[in-house]
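Read the structure below first, then the notes.
For reference, chains read A, B, C and D in written order, and residue numbers begin at 1 within each chain.
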Amino acid sequence: MFLIDTDAGIDDAHAIMMALRHPQHKVIGITCVQGNTKVDQVCRNVFRLLKVCKRLDIPVYQGVSTSLVGINAGPSFYHGNDGFGDAPEEEPQDYSALVQKEHAVNTIVRLVNGNPGKLTLIGLGPLTNIAMAIRLDPDLGKKLKDCYIMGGNYQGKGNITTSAEFNFHSDPEAAHVVLNELGCPITIATWELCLQHSLTWDTYNEIRKPDTHKSNFMLQIEKKTVTKCLNEKWPTYIPCDEIAMSLACDNELSQDSQQVYATVELSGTHSRGQMIVDWEQSLKKPTNVTIVTKLKHNEYLDLLKGSVL
Amino acid sequence: MFLIDTDAGIDDAHAIMMALRHPQHKVIGITCVQGNTKVDQVCRNVFRLLKVCKRLDIPVYQGVSTSLVGINAGPSFYHGNDGFGDAPEEEPQDYSALVQKEHAVNTIVRLVNGNPGKLTLIGLGPLTNIAMAIRLDPDLGKKLKDCYIMGGNYQGKGNITTSAEFNFHSDPEAAHVVLNELGCPITIATWELCLQHSLTWDTYNEIRKPDTHKSNFMLQIEKKTVTKCLNEKWPTYIPCDEIAMSLACDNELSQDSQQVYATVELSGTHSRGQMIVDWEQSLKKPTNVTIVTKLKHNEYLDLLKGSVL
Amino acid sequence: MFLIDTDAGIDDAHAIMMALRHPQHKVIGITCVQGNTKVDQVCRNVFRLLKVCKRLDIPVYQGVSTSLVGINAGPSFYHGNDGFGDAPEEEPQDYSALVQKEHAVNTIVRLVNGNPGKLTLIGLGPLTNIAMAIRLDPDLGKKLKDCYIMGGNYQGKGNITTSAEFNFHSDPEAAHVVLNELGCPITIATWELCLQHSLTWDTYNEIRKPDTHKSNFMLQIEKKTVTKCLNEKWPTYIPCDEIAMSLACDNELSQDSQQVYATVELSGTHSRGQMIVDWEQSLKKPTNVTIVTKLKHNEYLDLLKGSVL
Amino acid sequence: MFLIDTDAGIDDAHAIMMALRHPQHKVIGITCVQGNTKVDQVCRNVFRLLKVCKRLDIPVYQGVSTSLVGINAGPSFYHGNDGFGDAPEEEPQDYSALVQKEHAVNTIVRLVNGNPGKLTLIGLGPLTNIAMAIRLDPDLGKKLKDCYIMGGNYQGKGNITTSAEFNFHSDPEAAHVVLNELGCPITIATWELCLQHSLTWDTYNEIRKPDTHKSNFMLQIEKKTVTKCLNEKWPTYIPCDEIAMSLACDNELSQDSQQVYATVELSGTHSRGQMIVDWEQSLKKPTNVTIVTKLKHNEYLDLLKGSVL
């Protein structure tokens, strides 16, 4: 049973498709958080995606509109102003009436408490909603099955600053709260794992070949980004949230991993938001996350391909 | 109309008495936050106090049990383990069934939205609940009448570290959120103001002279602290929350004040939690707080005295 | 016996005049440090000043050109590009051949070791040279008589940022080294002391009235700054280095003072460079500085007046 | 022409042997800095080593005894209290009269200026002496041939904290100054490179097999550390300074490397002292270091083996 927290960029879209398509998992709600774009736009994006997937039955909740402490930069607009490559919707619609009345943070608390031991929480954006839910219910993690997160790094490689990954950097304090206080099994798909499993352009094209609604939707919203990548001669295409979701769908996809204590640097000049891994147990803390360092690449590709059918 | 957020130490007790006794104000709820003791004990203290004041009709809500980011020290236990000088309750009672079901953070959002423009929010403890409420409702301040806060400092004097005051130091990030994002008129009673208006022991004794239930209750819970002060030969007794509350009751008590932009230092080695005042407008920010630098001392004493009758 | 370390702004000029004029003190050298302008310009300023005072016999040494860690802003140019109000020299001269070959940092070490127990070290600029000298000779302070510093603050008031005074902010790490490691008696003239003893414009005019070479020189180099102050309607004129020097000349000028442990905040967002005073001995450190909180104002004015005759 | 700055631990000893043995290089001086032990003990260690190598003709200079800002932990004592495994000297000797009078920092400035374009500066300890020399002569780097440094990390792996390598962590500010301001070609042997080229115990034993004075000396001073490693079942032995020195001796040993801009984190809670690598040029700074990511392992082993003959 999946509860997905998303900032609805392009990779979130594909990741959510993957979850909706998976035969063994049911998505019981989607909570929205600012990140790739403003939080109200994130909600719109999710509805647009659900419509393509014919799953407007899934309840969508609006969450927080800034980081926990409010001092980081706002939305990134890397995937366009609207997070979906600024590709116009074919039949534009006002989805605002469809947004649930309940605040996403309260939703997380309610759904976790209502389904003790059954829920897999999946964080595809900045972790603000989830951190807030932990504050409202310090025992949240005890009632979760597990948690999968796209975010952080384990070799100090950054994609938004020299040393920090976007989701963690967008709300370092929230990531700090989640890693240190959630307390259920957490599996992390880091930026380095994304780099390692980036796709050749041939593979990318193969994944997008099927002439389906979903595949065409992905092509539309991805167009701006892909064009940019090709112009800048990026050697590969780098999915992110898809990797965290593939692990959530099937934990067996993890080929190599390490259980460690990890936390988040909050105060560095360059390293604010960097994930700190205590490889040598110098902090004497119990392990709190599983860092996946290698995927079963082919099985992962199969999930990617199947998700747009 | 008052909504009081408290960590229920001794000075909170007297301050709440002051509010309950004031003819022009109605207390519509009390929200509890960790600070002087653990949050569940804070709730118990509030009930105990309300019983003494014969006001168990006022709803009490339990709030967060740690700071926003979870990295500061926990409760201070300065006023004893239970925040009330470890003075045994005369007729001990289990108040747990009386705690409202709603989380204090949601209460703040609900009551502010239900009474637009009418509510005075009074922060007597670490500002975690209020900061969380701002995150759930970014427009909270627009619907408040005003806000009074005991906390911070304006000359770098600390009472818990070299440079920080207890309430702000207990949750610097929350104080940062409240000062920078609340957006309604905020009046601050700083540690330096408390020092300036501390009481001679003669005055203290005069205030506690009336043989009333309330006065005797204060004497009981204060005993440990007062004994310590006298042993250590403190020249004066230093009320804190009483000063913020007296200003909330009657803003005319402010004799001198300055409107400034103030924020909170989050990352200093020594100055984490210090209030930063931009006296020279070097940050070019609009003013956000009124710092009271002098009270009408006699009128303030009258309020103190009247509150235990 | 005085060794003066200066960044040769306008107030340094007047302060050095005060030292040269004082019957009981001998200036055995002047070391230059960047601050109000680049370090080579500081040297030129000092020569220009010494020429006016007919004291080109005093050896002048060039010191460091940046802060200890090299991460702070460079010269301030508050007193004009050249630190002397950009007032052209009447008979311009190339002083470069007069600069001593020895580096100022080595000079400090040599002169202190050559005059054990006799030297008063006076810091009128950022403390980089002095901190470096401590690194080269950790026992430097044991061989000094005492040290007077213009810099820092004791109530969190800043003049270059919200919370930091210019000299300390220009090299917080150096100030940290000097306060924590020098080990001889240190008297500090803080920014708040300067504010408290600022001059009414009447007093200022009276000080500058004598038609002497020195007074006219001060009027020339001060012109730009004074004009700016008057345009901006500053209520008073604020000498700085003069206050530290007056205390060095006659320690009896101190009317009120406190011996405390003080250090420097290195890592704050707003408070980097702020002086941290441990009023309540919470750090359990031995006292290391005397903070003067009040001068004998009239005696101080007499020194100011006499120094330009 | 080599100028070696060392904190004289075990690996420094072997590294210096390597330099002394190399046919193409001449060591013109050794400067000492605190790190593996106190700075006066570092000097003694260097003399003891030079005696074994019959090279007491090389001048040895004592340098600074603490970090630049003085706020980090002192010596590590990882290689025993004396940095040389507390192995007693066979014929103990008082070397203090042999220490040059000149301070190491002034020596660096003098030797670099006296041999413009010819000197290779090799940093085997905390970089305090070298940073100080840069402060005394900002153009130091322009007159150096190049610089080799053992220190830092490029994947966030720490050996003294979660995220920092010992030499950089011992003086982060000095490392910051050297990387950002030296200005000559800098080659860095990081902790990760050391890990990658650590030695199997078979290889280690092979290197120490020759029954020479030097080899036996290494066995003596290494005994404590090696015993500890074997007890704790370390899979390999990890030389450090030897790697930087091997690159200084023969730059062709570098098989893979990257030219990047790198700096040092000064203010992180966990990452203070971590080397920050700007892989994606997000800081838009010119490259300042060459990070070697792979050695020609066999050639490196040959140097190791040859150095004790």
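Simple rule for what comes next: a contact is a pair of C-beta atoms (placed from the backbone, for glycine too) under 8 Å apart; a residue touches a chain by one contact, two chains touch by 3 or more.
In this text the structure is predicted, and so the values were computed from the model without any measurement.
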Checklist line | Same vs different contact residues, subunit A with subunit D, by half of numbers used | finding: same
Check: Which whole number of Å gives the spacing of the CA centres of subunit B and subunit D?
Finding: 55
Check: Approximately how many whole Å separate the CA-defined centres of subunit A and subunit D?
Finding: 43
Margin query: Centroid from C-alpha atoms only, then distance subunit A to subunit B, rounded to Å. What do you get?
Written below: 39
Item checked: Contacts with two or more other chains, residues of subunit B listed in rising order -> 266-267
Checklist line | Chain pairs that touch, as defined at the top of this document | finding: A-B, A-D, B-C, C-D
Check: Quick one: in the complex, what on subunit A touches subunit B?
Finding: 64-66, 68-71, 103, 105-106, 128, 132, 135-136, 138, 173, 176-177, 180-181, 266-267
Next item on the list: Flag every residue of subunit A that touches subunit D in the complex, lowest number first.
Entry: 153-159, 161-163, 263, 265-272, 274, 276-280, 282-283
